[in-house]
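What follows is a pair of complexes built around chain A, which joins chain B in one and chain C in the other.
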Partner chain A sequence: MNRWTSFNKFSLTLGFGFLYLPILLLIVYSFNESKLVTVWGGFSTRWYTSLLENEALKDAAWVTARVAFTSASIATVLGTLAALALTRYTKFHGRVLFSGMIYAPLVMPDVITGLSLLLFFVAVNLDRGIVTVILAHITFSMCYVAVVVQSRLLSFDRSIEEAAMDLGATPTRTFLQVTLPVIAPAVVSGWMLAFTLSLDDLVISSFASGPGATTLPMKIYSQVRLGVTPEINAVSTILVTIVTIGVITASIINKRREVQRQRDEQAAFAQG
Partner chain B sequence: MKSLGSIRRSFAPWTDPSAKPYISFRNVTKKFGTFVAVDDLSLDIYHREFFALLGASGCGKSTLLRMLAGFEQPTSGEIILDGVNMAGTPPYRRPVNMMFQSYALFPHMTVENNIAFGLKQDRMPKNEIADRVAQMLKLVKLEKFATRKPHQLSGGQRQRVALARSLAKRPKVLLLDEPLGALDKKLREETQFELMDLQQDLGLTFVVVTHDQEEAMTMADRIAVMAAGKVNQVATPAEIYEAPNSRFVADFIGDVNIFDGLANPSQGGDLDIAVAEGFTIRTPVGGADVRGATRGFAIRPEKIRVTREAPADAGINSVRGEMWDIAYLGDMTVYIIKLPNGQTVKASSLNAQRSVENPLGYDEDVWISFDGDAGVLLKD
Partner chain C sequence: MARLVNGIFNRLVIAVPFGWLLILFLVPFFIVFRISLSQTAIAMPPYTPVFDLAAGWDGLKDFLSQLSLDNFIYLTQDSLYVKAYISSVTIAFFATLLTLLVGYPIAYAMAQAPRTVRPTLLMLVILPFWTSFLIRVYAWIAILKPEGFLNQILLYLGLIHEPLIILNTNVAVYIGIVYSYLPFMVLPLYSALEKLDGTLIEAAEDLGCTQFQAFWKVTFPLSLPGVIAGFLLVFIPATGEFVIPDLLGGSETLMIGKTLWAEFFSNRDWPISSAVAIVLLLVLVIPIALFQNAQTKAQGE
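This part shows the complex of A and B:
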């Protein structure tokens, strides 16, 4: 059943075309000489150069980076703690309710999350700015972290924690020296997920943001409303490149580790 | 005086009334919800003893071990270790170390770091840690694997790392939870003797949990046979085998034939049991008055003789039957003899000679017989 039929080729082309043609178009036009987005005027990198002089865009990028880094880090801590609590203390009342509530924000429409956060910030009289954007991002991304870490913890062999305590490690040291290193890959992917989500969030940021806290997606969106400039294509291309490099590196590292591990195990069993 | 089996003669603190137990379980009960895992259990274990908790899965033996390690708290009762009541002492402050069934090695640490983990928790100076780790690696013959990670080791090597790690802190008591369960048969047998030597050399108290009776018999000074959260019998392997105190223990350890019948005194101070199989068992009275009671008589297969000719005193400690099955096992041959009432009896004989003239065959009429004191009168 491994035949390379024309139907297979067709559906593959169609699928990938759907996914990547728009992005490809964006990348190609970012190298367009012409100021008109839809007319090809020859190859050039001038929009990348002009990007370097666009202070507003650079500011927005800096805000986004700070927001993404801070919110992902805090969300990772909170999400990991939530995951630990939900997998470890299985005998409290309303546990099912709580674990269900962890998933709820994942399916909640962004508009509703954004609006409720805005109402909350107004109610507690918190001035909107970068702090509120960070708080808003933590709110929705910690659920993702919790879900990722929770799935790792479910397959976690608790006896290694017991072994650590048996050997004299207090619960805190057990967590820091044994539990955390073992679940670290899940925590890191949780962080990366939170970082990415924060990086490209537009709706919630728009609700939570205030003066001086314009994130890159917000900036791009507002500029596009005044007409797409090739600069936007260029900045988007840079974003796509960063994400692509990240994804590819992560999967190469994972693949290598897996191969190495298999080889080690085979070697060990060959020796008996 | 006749003694049961062979024992480490110099070592039997449990026979000395003045000896102080090292570990004491006093009326310990552990409930999980409504399930009673350990039921009002009392048990003494002595210093330098190799003690085995033997039982089928779910009998409470692992729970008992986990309570000693501090992972579970008794619902009631107390555990005394070296004179100290362990109630409320968390696992990380107990002078015991445990070797886990799954080994529970830290996957992200090398073999040396696994072994050094406990020592680092005690903030032992670095050079002392290095010395102790080297010593432990030598003990378990893993010097060449010091920098490997657990997933780079075979099952047997992992087992030895787990052992080295649990011994590194020189605990007062080493707890072993099914220590050899994951090894294949040959490696398991070798490791049994290694563990015994180690325990002797280090002079430690070992408490091992196992469901494998052969393992318990091989290694332990004493065995506690457990079922349903209670200890049925605590005794040396030889006593457990030759003098089981109950039907359960007799049946649980090794093969056994049990004959039931009405017990009555006979001449000469012996006891006659008229068993359902249609003959009489004449056995020395064990001290207890059992006149008129229905009792069981347990006898091991290797203590039953199988012959073509009727023995003297036919009908007393002997009965006629039909050879039903023969299993040749190399070192010995097992016979299954069917008695007139349909009951089968298992007998075995050692193949001391390479060949036998005119061996017993299928469907032959044979006599089984045994000595009156070769079996044991059960209390139930």
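This part shows the complex of A and C:
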């Protein structure tokens, strides 16, 4: 029975057209000679060269890179621990509260999270700057990491952990040599997700940040409010390209590892 | 010794992320609640009373006696706020329905696609989700402007004679929400539809159902968990959305996220913005609880 009908192909074409056309237009018009974003004036890379001279934008990019790298790394550790806590310890005091606090930030409107973090930083007398932005980003992105790692842990065959322990491995060694390699792809995608979430965030950063810590989205937003310019198209194109290359590379690597792992398992079974 | 180390490790696995979220997620809400009961002041921080630990018991009494519900009463008196809440929920609700209508055929087609192309299709849905929200909203400004791409095409085709005014209206906000949140709708729908047993539909058709009846009586009810998850994943954040109404909406667009932002950054009224946030949270508390419930159930299976 074939349900791969022309209606289905039609909806996919339309759907993906809708998803990708706006981004494609944005990329194409970043190479526009004309200053007008909607009128084609010939091919040019002048907006990319003008980006190189924009010191404020470069500063913001540097701040964003540091924030994203630091917050993603810490969020990955915290999120992985949270995922372990949720899947391995089914009974502890406050588990309902804990899982609630993991899922709530996924849907919480940014304005609420941003405002509450800002008021918290003021209440504890923490000067607003790059540190507070990093703390804020860790808080929401660790929940995404937790969800990604948790779904991998749930499909994880725990008997191989038990086998390692029966063979005399300590729990720490079991975790490092058995559990971690299996969940590693999920941990890596968790890190990447945390990194891009931090790279994208505007609202929470605007609340949590202070003088001297302007992130790239904050800078882009303030320029967008003044009007659409090809320069913003150029920055956006660079960001989109980085994320796309990152996501595709990661998925190819994950796919290869998965194939390799299946082969290894089959080989192991064949020998046994 | 090893057992002791292990015990400590086990505890840390729970305590570290738990503690982090308690301090940086839960405690801040109590602070927002506290400040929503304060008065605006021209000082830093711009509210009174400020709780002074050094003043001891009297300080606490003094502090409690100064708390008031004035900000919440103010919210009910100024019709602007009430209208903003109602219009946020309405816009978010209908935009979410639209997202469902657009997303369902996509998810359905993905689930019917040959097994070999599914990972690629999935990748194509996920990729925009990774791409900056701000950039994706920004891309629509150039499309919807009076001299933008959409009007250029429609004028060229002779379908219209004057440019349509779409940017800075609620229509643009709807388009923005559907576009930005589409992956959040498609992913849970796809995962529900993919699990569906195809033989059930064959059985329904063998028993005399038309294709549409089979869809409506078998496929759709079985995909309901995905519909609910997708609906909540879009509706809740869309209600408090700031970027879309700010960049694509106009003066007619009243949305509470924008109101909160303006109260905070333009009027610098911290107690009122806190009260706005608390009421928004109350509006969303039921959908958020439903979402958490659905998530916990899904993970349990």
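Here, the second predicted complex is superposed on the first by the 236 of 272 C-alpha atoms of A that agree within 3 Å, B and C clash if a C-alpha of one lies under 4 Å from a C-alpha of the other, contacts with A are read in each partner's own complex, and residues count from 1 in each chain.
To be clear about the criterion, contacts are C-beta pairs under 8 Å (C-beta built on N, C-alpha and C of every residue); 3 or more make two chains touch, one makes a residue touch a chain.
Quick caveat, the model's predicted, so the values are computed rather than measured.
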item: First, second, both or neither for A:160, with chain B first and chain C second; value: first
item: First (chain B), second (chain C), both or neither touched by A:170; value: both
item: Partner contacting more residues of chain A (chain B vs chain C); value: C
item: Partner chain(s) touched by A:34 [first = chain B, second = chain C, both, neither]; value: neither
item: Partner chain(s) touched by A:9 [first = chain B, second = chain C, both, neither]; value: second
item: Partner chain(s) touched by A:266 [first = chain B, second = chain C, both, neither]; value: neither
item: Which of chain B and chain C A:241 touches, first, second, both or neither; value: neither
item: Partner chain(s) touched by A:105 [first = chain B, second = chain C, both, neither]; value: second
item: Touched partner set for A:222, first chain B, second chain C, both or neither; value: neither
item: Doubly contacted chain A residues - partners chain C and chain B; value: 170
item: Interfacial residue positions of chain A with respect to chain B in the complex; value: 157, 159-160, 162-170, 173, 177-178, 181-182, 261, 264-265, 267-269, 271-272
item: Contact footprint of chain A on chain C as seen in their complex; value: 2, 5-6, 9-10, 12-14, 16-18, 20-22, 24-29, 31-32, 35, 45, 102-103, 105-106, 108-110, 112-114, 119, 121, 123-128, 130-136, 138-143, 145, 147-149, 152, 179, 182-183, 186, 198, 202, 232-233, 236-237, 239-243, 247, 257, 260-261, 264-265, 270, 273-274, 277, 280-281, 284, 287-288, 291-292, 295-296, 299
item: Touching residues (chain side chain A, partner chain C) in the complex; value: 1, 3-5, 7-9, 11-12, 15-16, 18-20, 22-23, 25-26, 29, 37-38, 78-79, 81-82, 84-86, 88-89, 92, 94, 98-112, 115-117, 119-120, 122-123, 135-136, 138-139, 142-143, 146, 150-151, 154, 170-172, 193, 196, 199-200, 202-203, 206-207, 217, 220-221, 224-225, 228, 232, 236, 239-240, 243-244, 247-248, 251, 255
item: In the complex, chain B residues that touch chain A; value: 69-71, 90-93, 96-98, 100-102, 104-108, 117-118, 121-122, 149, 151-154, 156-157, 165-166, 169
